[in-house]
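First chain written, first letter: the chains are A, B, C, D and E, and each begins at residue 1.
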Amino acid sequence: MNILGDIIVLLVNGLQQGAIYVLLAIGLSIILGTLRFVNFAHGALYVIGAYAGLLIAQEISVSNGKLADWGYQTIGLDLGFLPALVFVPVFVFVVGLAMERYVARPFYDRPDTDQILVTFGLAIVVQEALHALVGGRSYKLVIPPEALGVIPLSGPTDIPFTAVSLGLWRLWVIVITAVLVLAVYAIVEYTDFGLVVKAGTRDPEMVRLLGIKITRPYIVMFGIGAALAGVAGVVGAPLSNINPEIGMSILVPAFLTVVIGGVGSIRGAVLGGTLIGMVQVALISLGSVSLLGITVNWTPWAQVGIYVLAVVVLLTRPQGLLGEEEVAA
Amino acid sequence: MSDEVQTPTEPESAEPGEQSPSLYERWAAVREQESTVAVLTILGVLLAPFVLVTVPDAIGLPSDLTWYNSLITLTLIWAIFAIGYDLLLGYTGLLSFGHAMFWGTAAYAAGIFSAEVFGSPIAMILAGTTVAVVLAWVIGWISLRRGGIYFAILTLAFGQMIYYIFLSPLSTVTGGENGFTGVEVGNLLGVIDLGSQVPFVPVAFVSNWMYVFAGTALVLAVVVGYRILNSPYGVVLRAIRENEQRAEFVGLNVWRYKLMSFIISGAFAGVAGSLYTIQRSYVPIENTLQWTVSGDIVVITVLGGAGSLFGAIFGAGLYMYVANIVSGMAGIGDFWHLILGVVFIVVVVTMPNGIWGGISWVREKSLLLPEAPTIARQKAANGRDWITSLVGGEDR
Amino acid sequence: SGDGGGNGDDEYPALGNYPIEGDTAMFGFNVPLSGPYSSEGEDELRAYELAVKHLNNGGGWVDNWDDLSGEGVLDYEIDYVEGDTATDASTADESASRMIQRDDVIMFAGGSSSAVAIAQQGVAQRENVMFTCCLTHSNDTTGQDCVRYSFREMFNAYMTGQALTPVVTEEYGDDLSFYQLYADYSWGKTVEESIRKFFGEAGWEEVNSVATPLDTSDFSSYLSEAQSSGADVLFLNHYGLDGANSLNQAIDAGIDEDMEIVMPLYNRPMAEAASSAIDGIYGTIAWDSQIDNEPSNSFTEFFGEEYDGRVPSGPAQLAYSGTLQYAAAVERAGTFYPPEVIRQLEGFEYDNIGMGDETMRACDHQAQRAIPVVRGLPESEQGDGQFFEIVDITSRDDVGYGCDEGPASQCELGEYGDE
Amino acid sequence: MSLLELDSVDSYYGESHILRDVSMHVEEGEICALLGRNGAGKTTTLRSIAGARPPTVRDGTITYKGRNITDLPTEDISALGISHVPEERRVFANLTVEENLHLAEVVSNPSNTWGRDIDFEHTGMTTEEVYDDFPRLGERASQQAGTLSGGEQQMLAIARALKQSTDLLMLDEPYEGLAPQIIETVENAIERIRDDGTTVLLVEQNAAAAMQIADRCYVVDQGAVVFSGSADELREDDETRQRYLGV
Amino acid sequence: MSTILETRDLVKEFGGLTATDDVNLQIQDGELLSLIGPNGAGKSTLINLITRMLEETSGDILFEGESITDLEPHEVVQRGVGKSFQTASIFPDLSVEENANIASLGAEHGSFRFNFLRHRDSYPEVAERTRDVLDAVELLPQKDVTAADLPYGDKRRLEIGIALASEPSLLLMDEPTAGMSPEETQETVDLIERVQEEMGLTILLVEHDMEIVFSISDRIAVLHQGDIIARGTPEEVQGDPDVQEAYLGGVEL
């Protein structure tokens, strides 16, 4: 057995999986916590990021979908991964700006349900547009060669430490996430910019009456949230399939991350994402465990575990682990 | 016809000098009555196959543009689901994104019940609905601790949780990815094979007993739904939708009422889910428990018209037609889902009462009847603002 | 009904979508265009389209098959509708119902994912419309879930176990331990069972077997568990994109240094996607263009001509041959009336699809046929449509089981519909 | 030239015509009171001046320091030195008292001014001065504003406006919910800032209280100006008081 | 006269801040008690404690002799403690009649029953009460108007009507006249006095307008920094030097 090695692998896998959730949840959480806007189309930004990354980095062949019918056999710029990592956040940032301007802004004053419905509609539209254009098939973003490969871990010879290896890319994902999270945290917590947005949440008109142009911080904040989702799409893509449906399927764990961590709290998002990632990976790795003569195989529960986690958190701390109690106006 | 629930108003004649009510107004008063609603629903159910299948066939419309009988049955089933969902969304104002779990667990419960215990369709419905109600009680109890957006997110999450539980840990019972294939639907009341034709009634009107069965269920659903809206619950639920805090402070146990509304809605979904199993003799997991089903019912209800039972039924019909018939048309068929998404957004933005509400509005407008409710009016105005802002109007 | 080219084909009572109205017979092709098996699905669709073209206008195998004229089937022109199953049973089931009800198809075909095939078989039997299985390898398809209205050319997991065991045990030894990861649905489960059964009988010992959800993209946690299990051999019972992913990730994680890897069922699109990872990996395939005989070679040739030199995959060959097989049976029966067509296919003997002598067994509608066992080539030797070395084409006498044995013992086909 | 001038202003909420042909002017350094009963249009007047939408000004012009500000966006009007304490307090419930006050100076931070064609400088009170006037707020500096008592919130709203760089301070019912002694404090503060050279436009229900400190008064009714003159004149005009103010 | 509501050593702390400090308050059946005090004295906090919007730190609240600290807000209303809201808190999209109807239903039906299949018309008591209340607040002629379309003053009246329809025996009012013109204020005060008389209500009023307070109160309690520093008839309180110092300042009455 190789307990220590297993734990390290588990930690890294869990953190990496969590990192994707964190990137998504931060955007969701600041948009929800500061702009009071419920974005069911956040997953769409993730998909857009993933496809944009794919098309910048590689050349793909499209075989069903309208593009193929229209005679495009292959599309993509084939520039490699690094340009994708640089351009995608910029691109999705711009998409985020447009989304704020044309979808979110007219809905700030409308009830939550309307916001959810319209963004849900948007999510459908993005998914189905991609489906119609490039088809439903799954693509794979190739891990950049610099980050390909594994770090073999070998312990001191007296511990039976068979080789475990860590995917280098996973470490990269963790590092990139950490850097971005810190930057956004600083902006939201320590600048007037963050303060203005928070104030505008409750009373945008009053903010304007104080002489502050509110639309700009709003739109930028939205853009930042979107860009993070785009980054998640690119860095997550090499470890997952890219198809039009991934946006919706990632939305649920991303929302759970927000709920577990607490709305509006960046630290909460980090904690929530990490927990979810860990639980998911740990349950897979736990395999069958016998206790008191009953053997439970935990692997099938891997997908269920995160929901149980959410329920437990919610029942014990309804505002989320690091969330603050709501203050009525 | 609009079925905004109104307190029956006293006869206008009390005020002297008033004109006697117009024909339209009299009709408007009559149609609110429950028996009228029931009769209209029965007529609709009876005429649907004739109008949608027989007549188009007879006049030679191409078959890839027209309905087919099993689709109409399926639509009735979805309509029951939509009515229940509308009670929650349209009247209580709670947006659930996890209703697939009630539809789905009921479908499984009915299917497994038929295989393990008893194949009577009525017993299957009872089994499925019971499971859905119990589940709704548990999930509602947890999810309703948080309001607004949390409710949507939590129901979505629970829906997915149930999906994954049925998919993997319970796959020995549920068949997992394969779906549950062992459904054994028995005869109705021990004698009637649901697949067989109804004696004496021409196929042009009623295709088979399954249609009668589903149609009866729909009529009952409409009547019960109507009754609920006319019971104290109806007005209490709308009060909660409009001002929850105030409702609490007139002594209403808001939480319990919301929970009840959730459970009632779950029960309708349960009936519909069980019928789905009965119709298909198979329980496919993705079409019962996956979140897409929850999304579909949201789209159906909002598109048709939340806050109006007939709107919900209309939405079910519209969605089924687009998803099953339009999807096969050359050219636009490939884009059906995309088009539906776009239409959905337009409806959310501009038509607070859905397409059905829009139709009623236009009709009442043209008859110079009183204006739509204020909030609806306000929302419609918001919609127009949105459009102005899209075309680069005032930078708000 | 049956005006125009009816060829007197209205002597039977109405059943399912029989009789055909008008002079066009509609087929339905229900393939995965999204989901993990979409590469396979796309190739199937190409083959289906080609089959329809040949049935109507001649060409391909149609020219060599005595039963087929190349001028439609029974003077009906063939048309088709397609549907996307999304590699998902529910979607397939709905899509199939639509084809039957809306488009009045006389036969539908497809598969990929046995769950999908099994769901469609259910529809076929209920609606009395014939279904032709394409790619489905689960034991259940012609075992406990078999139906009268469907036929399968593809072999199953049971036979894969029979074909693979001698080759693999000879290569790696006969006293090893193994670990299985399997796709969590009908197909994966029967592969897992069959591997356990046949390798167990050969003296291997199972350490553990773990289910993974269909459409998983990141297998790393599962793989690292397998890696630290200490087993000698890892079976990856995954298919399509899932299979390519799990194999790639296993190689990336360096598992092949500690363990031997076997991929019980694979195919050309998977091999393309996994490229260098398939080096030395054993498995079975439905058919491959490297198989050298007249029907196979000609199929590769005319498929390539139609589709810019593309080399057809095993699923494509199944799709093409299945459609022609059905059409030939209709011609022989002289009617589209399903019970008669079914009777034509039951017990039918043929050798015209490139897999040698075959029988479509009447008791479970399972083709009795040979099975190619292959081993992946190193990347340097790949290319030119070559991905595998064909180790053995296990003869049909060495695999299979009696009608009262194995999966067939659980098969009850159901009614013809004219009883 | 007056500091602020309204010339035949017509304002609408949607299609309902609220302000009808309102003309008035506010002179530099005075306290000008705008009186009228509920729904008379006082708040609407202030919002029209501040550029808050709705209402929309469809007709007439509003001139401030000689500049036409009728169609300027709210934030630019504010940056020109008009600060507005609206009805109902409008503190940022989710921010602390200190953050609420800080927001009043954010506008003067250069990084927040790009894209704006208005120059201004910050000349408002400092946080310390504010706390001196309202010690209660100093004690509650790090409490979330939403949890303040009603009166404390009102103080915060006024204090926030005083912190802005202000030439014209518009107060909409500043005494609402304040205990009698605090009303005194506020009255004193208003008079003091007037003496420091800031002009005040005061809206009040409570005509008696307003007339105590006002130099000049306007009375509006049904969206139209029905009286203008000095506070003394209004005190003597019993008919107007009875008819439009109910006192 | 019996005591209808009593607080015993009621303490509420927010973090380090004590908002109410050992408050002992008794309200007698049928009286109008005003609670006054400087801003931040803890008046609203006290009301929120009684309505169970806030959880007390320690102490007890007795309504009609029974502790209500374990009850939910709606249960407190059920027992007969109503609250009128400061800003018009109504059901905007429903008709005036439905607004009142809901409150009557609350009184009748709030204790949650499973009668969702019984028609609304079969509750004559509810309909009757609705009519009575609308009559009392003079909104009967407007009963079919959508509430949102009412003029501001009528909305306030409706708001009070809703509070009354829930059949309170004790009505809590937190600054009911805030933002009203003198005329409006007078009307509201008249309304309060009238319904108190007609319906035999007990009222706890929080108000800063001393004119009103001294003219309509039976008794007054003065809260200062969470403490009751004085109580008694208007005359007694007015003369109390502590009250002058802490609250009234130089205000003349």
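Methods note: a contact is a pair of C-beta atoms (placed from the backbone, for glycine too) under 8 Å apart; a residue touches a chain by one contact, two chains touch by 3 or more.
Each chain and its UniProt protein: A = Amino acid/amide ABC transporter membrane protein 1, HAAT family; B = Amino acid/amide ABC transporter membrane protein 2, HAAT family; D = Amino acid/amide ABC transporter ATP-binding protein 2, HAAT family; E = Probable branched-chain amino acid transport ATP-binding protein LivG.
If you're wondering where the values come from, they're calculated on a predicted model, not measured in any experiment.
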Would you pick out the chains that touch chain B and also touch chain D?
A, E
Averaging each chain's C-alpha atoms to get its centre, pick out the one most distant from chain A.
E
Centre distance in Å when chain A and chain B are each reduced to the mean of their C-alpha atoms:
33
Taking each chain's centre as the mean position of its Cα atoms, how many Å separate chain C from chain D?
79
Between chain A and chain E, what distance separates the C-alpha centroids? Give it in angstrom.
49
Name the residues of chain A that each touch 2 or more other chains.
131, 300, 303
For chain C, give me the residues that contact two or more of the other chains.
184, 211, 213
Please list all residues of chain B that touch 2 or more other chains.
167-168, 171, 395-396
Contact footprint of chain E on chain B as seen in their complex
7-9, 224, 227-228, 230-236, 238-239, 242-243, 245-254, 256-257, 260, 264, 373-376
Can you tell me which positions in chain B touch chain C when the two form their complex?
63-64, 68-71, 167-168, 171, 176-179, 181, 280-282, 284-288, 290, 324-325, 327-328
Give every residue of chain C touching chain A within the complex, in rising order.
33-36, 38-39, 42, 45, 84, 86, 184, 208, 210-211, 213, 215, 217-218, 220-222, 224-225, 227-228, 241, 245, 252-254, 257-258, 273
If you look only at chain C, which of its residues touch chain B in the complex?
81, 88-91, 93-94, 97-98, 101-104, 114-115, 118-119, 122, 126, 145, 184-186, 211, 213-214
Residues of chain A defined as touching chain B within the complex:
32, 38, 66, 102, 105-107, 109-110, 112-114, 116-118, 120-122, 124-125, 128-129, 131-132, 215, 248, 252, 255-256, 258-259, 300-301, 303-304, 307-308, 310-311, 314-315, 318
